[in-house]
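One chain, chain A, appears in both complexes that follow, with chain B as partner in the first and chain C in the second.
Our next item is the complex of A and B:
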């Protein structure tokens, strides 16, 4: 799976689940929490999706904005984890 | 005494003391004082007068703190709203309290822009991180527009404006969900707030060396009081914008040597799912919980993880801020109790005739004290329902609408609510408010909103809909519609379509029958009345 596919998957998931199908100009480097796209339960939903879809495990320590708080950060994090596994 | 004097006194006595930590930035009492004085003068020059309402719609940030204190210093009444508020509700509240100014940020720009035309009383807008184009847009809608950041750069008067208020003047309107569907403004005077803050800081034994972390929105009175109470005792507040990334918060607790951590049950659910073995939190003195009762299992786990930390189980109502707390030495003895009245407050249980009842008898809880609100803003009938004559001439006591019993030693146990308000994530949701939004969606014939048990949220908001003949609506359509009209926590988590909704004999939708049907279908346990 390449970075482009991961990006498309994440983008679709965020738009479908948190923006209910309307992207509303969401950019890949927008902060999902400060833009109000997700809250603490949204973060949990995002973690379940990432673990299930990409077959990776997220440790508590990895649940930080640097890994999760934008589509761009998520793609970089997942790419790194997939390569490690 | 007035609430803004909390800040002014510390700025005089401990000017270099750190008052506020936001992210990596630290602000002393003197810095917060001078910055809020600049803003207070700007509010006054923009036309804000004694008793005017100023609406603040900002995420947890330095700017929100400055806006609250500047409003008080200008002699006005602050109204803090959730920064995820949508245009309809914002317009409603701006008009309901006839706000003369609003202070907001980029996140609320879209909602605020939709308000200008319909808010005739609103004169001025202060925008954080504004652009010239945004300010021009506001001006073209006939309002005065100011850059919050430009105000802060001024070299103007750094002393507070002359005092205009006395302590029985209003300091805040705190909007809360009403069973009628429209939010109600709870009127709190300076004296109400100072009385509540004094009672709470007394039993929490707060001191100037306390460092409290607040992850709860300042629009929520539990979050707001963390700020007020730390400023009252001259402590330090670590203001964080959410609990979305628990590790970041836990690291902050360690780094800043946090001594007090106020939570709601959703936070303890999230915490207890994590591996907390690497966190000892040697400086943490207490964890307080309110909004909904902490499940006894959570209390046990928190006690065993952090045996040195005192757990305060508390119960509150916006109408009097806080009702009761369980002294930490009682938590292992009676973990299901929400304790007793606060210092300088009397609470008792009455029957339907208003007579006090003894231990074990279920009745309505009544609160008597200087912390009890002055009423609901411009709602005399609803005010008269809950504020009724007390023992002294002219005195009013608060009828909570919540059912309680006491044990032999006078400790309180929550039995249930008289209305059908849902508590989700620690926030109150009026089913009626959500239903009204659902009815506005084309194709919805009937809508019923209930709370269903949820391990993280306490209760999750569930919508059950019947559709008009031929209507084709998906749950995505419902979520999207609700998300555009309601604050995040009010948006239903679950949508179910049904052929029909059960009715009472008089033809009204029966919530009781829906809840029974729902719990049978889901095989879910009955709602724990204490949650």
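Our next item is the complex of A and C:
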């Protein structure tokens, strides 16, 4: 799976699951928390999706905005984890 | 407790009796025992009566001896016996034993200032024939509702919006700003309602129409001393003073010519109320509660414990998801506004139980959380502020996790995320709405499901910014704790707790709630207390617990606070889901009403059907959308058509 596929998967999930299908001009480097896209439950939904979809495990110490707070950060994090596994 | 309505024709044409009869016809659930209509030229008053005091002679509308004043009154003036004595000393002569007649004489004596004499919960209209003046008033905290509108040269008012909508000139269009406010604060900001051109008289206000000129003025408002003016006070003395006030508030709230019962939820507030009733009345008391099939929401263990300790004869009604979904349309017909939680539905079932048990009056514990420092949101704000003063602290954010043990999503968050979700930053610490920002901003995100047309019509309207313009001039001088209390007393208490979850669902079954904690003497006393006596460190309702120690089971005092909640979105899906859900959330129905983005709602509904929706936001969005659709179905003439139940 290449970076473009990961980006598309994440983007689709975020738009469908948190924005009810309305992308509202969401950019890849927008902060998902600051933009009000995800709340506290949303973080857990995001983790669950990433683990299931990409077959990786997220440790508690990895649940930080640097890894999760934008589509861009998520793609970089997932790419790194997939390469490590 | 009753329903009132009326009409005043500005052009002087005679008030139409049939029109008032139509309005009254929609209010029979508020007053099934008797009804009456008074007309005199351009004025007409209607009254549907639930007989509680002076059963034989309390017919309304009621005129004074010389016929110069006429009143239509919903509510109770609890200190009517004391006021009657004072008025008799001034030469007034009474022909009934009702509190209604006391209002007439108090108005004759004091004019519009008579409301300052009243200890009670009221919404009334007085027609003053000498001055050709219509005077409407609503109690301090907004226990009793009063709505009005102005159409085609007439001023119309009523206890419920449905009575106004009974007039063909009044349309049931949604007020988009009101909807925006509900989808932010859970309640419209008075005088706004969920309906365009229909206003509510704000709590603690009176309205006068004279010479066709209408004016609204406050007679009471919540206020607090500046932070610097608090002194410690003697805790023992203050606790005793609070207890005596509550006992007297309870004593006068037991005045009725019918039996009085009590709600007993298993929490501190209703247990205190029940204990006070037992202390004052002394005899065996009937208590009532809701239990839930879902263990997550059920408090029956504590209800049984409190009932056994206080020796009440207790009756409960079990509430399932299926029942919540089944009664929800009827509940929304009574709330007359969209709601974001299903919690009014079990309260509706509870009042049904009380009614079927032969009771018309219950004492209940609402108000304690708002005026004596009980809500988690106060504790949350205190923790956030504490953390905000030392952002690098590792253990301060853990207090937030301790506050919400039942919220798995909070338990699993890192400190960095908690800081963002709870708006803990130097910038936010200075915000006047610091206490409520996380709740309001989380709620406001459900507006994302509004249709493009609605969003366009709202032109970026920001309810939070508009609210800031209405804050009292001395708001900034109050302690942060009191600022948070003010916001609860001003918004959620009248706009949701006392209305959608209070008067409206109780009166649906002709049951009157009475609230000792909302006696204005208690409220005024509490507002002057140092905040650290309401919440000592993180011990909520500290002074109340101290004042009532030994009067209620210690297990109830020591238990973790459990907010009253009910099963939400899941009620409306699965094999037992009623047909109306699918119908009102269908693409066609959503496009017909035009309030919501049909595709976005379908995405949300599919999330629920797939069992993937669990967040607070998803649940609030679903309940908000469904209740708005129900409201339009019930009250908008364009939408009105039967659906399968």
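Things to note:
We adopt the following convention: the second predicted complex is superposed on the first by the 85 of 85 C-alpha atoms of A that agree within 3 Å, B and C clash if a C-alpha of one lies under 4 Å from a C-alpha of the other, contacts with A are read in each partner's own complex, and residues count from 1 in each chain.
One rule holds for everything that comes next: a contact is a pair of C-beta atoms (placed from the backbone, for glycine too) under 8 Å apart; a residue touches a chain by one contact, two chains touch by 3 or more.
Quick caveat: nothing in here was measured; it's all calculated off a predicted structure.
In the superposition on chain A, A:45 makes contact with chain C only, not with chain B.
Looking at the shared chain after the overlay, A:20 reaches both chain B and chain C. Using the contact criterion defined above for the overlaid structures, shared-chain residue A:5 touches neither chain B nor chain C, since it reaches no partner.
In the superposed model, A:64 lies in contact with both chain B and chain C. Looking at the shared chain after the overlay, A:34 reaches both chain B and chain C. Looking at chain A, you'll find residues 16, 19-22, 33-34, 36, 39-44, 60, 63-65 touch chain B in one structure and chain C in the other.
Listed in rising order, the residues of chain A touching chain C in the complex are 16-17, 19-22, 24, 33-34, 36, 39-45, 60, 63-65. Interface of chain C with chain A (complex): residues 407-410, 412-414, 416-417, 420-421, 441-442, 445, 448-449, 597, 599-601, 603-604, 607, 612, 614-618.
Contact residues of chain B toward chain A in the complex are 59, 83-84, 107, 241-248, 266, 270, 274-275, 425, 456-457, 476-477, 479-480, 483, 488-489.
Here chain A touches chain B in the complex through residues 16, 19-22, 33-36, 38-44, 60-61, 63-65, 68-69, going by the rule given at the top.
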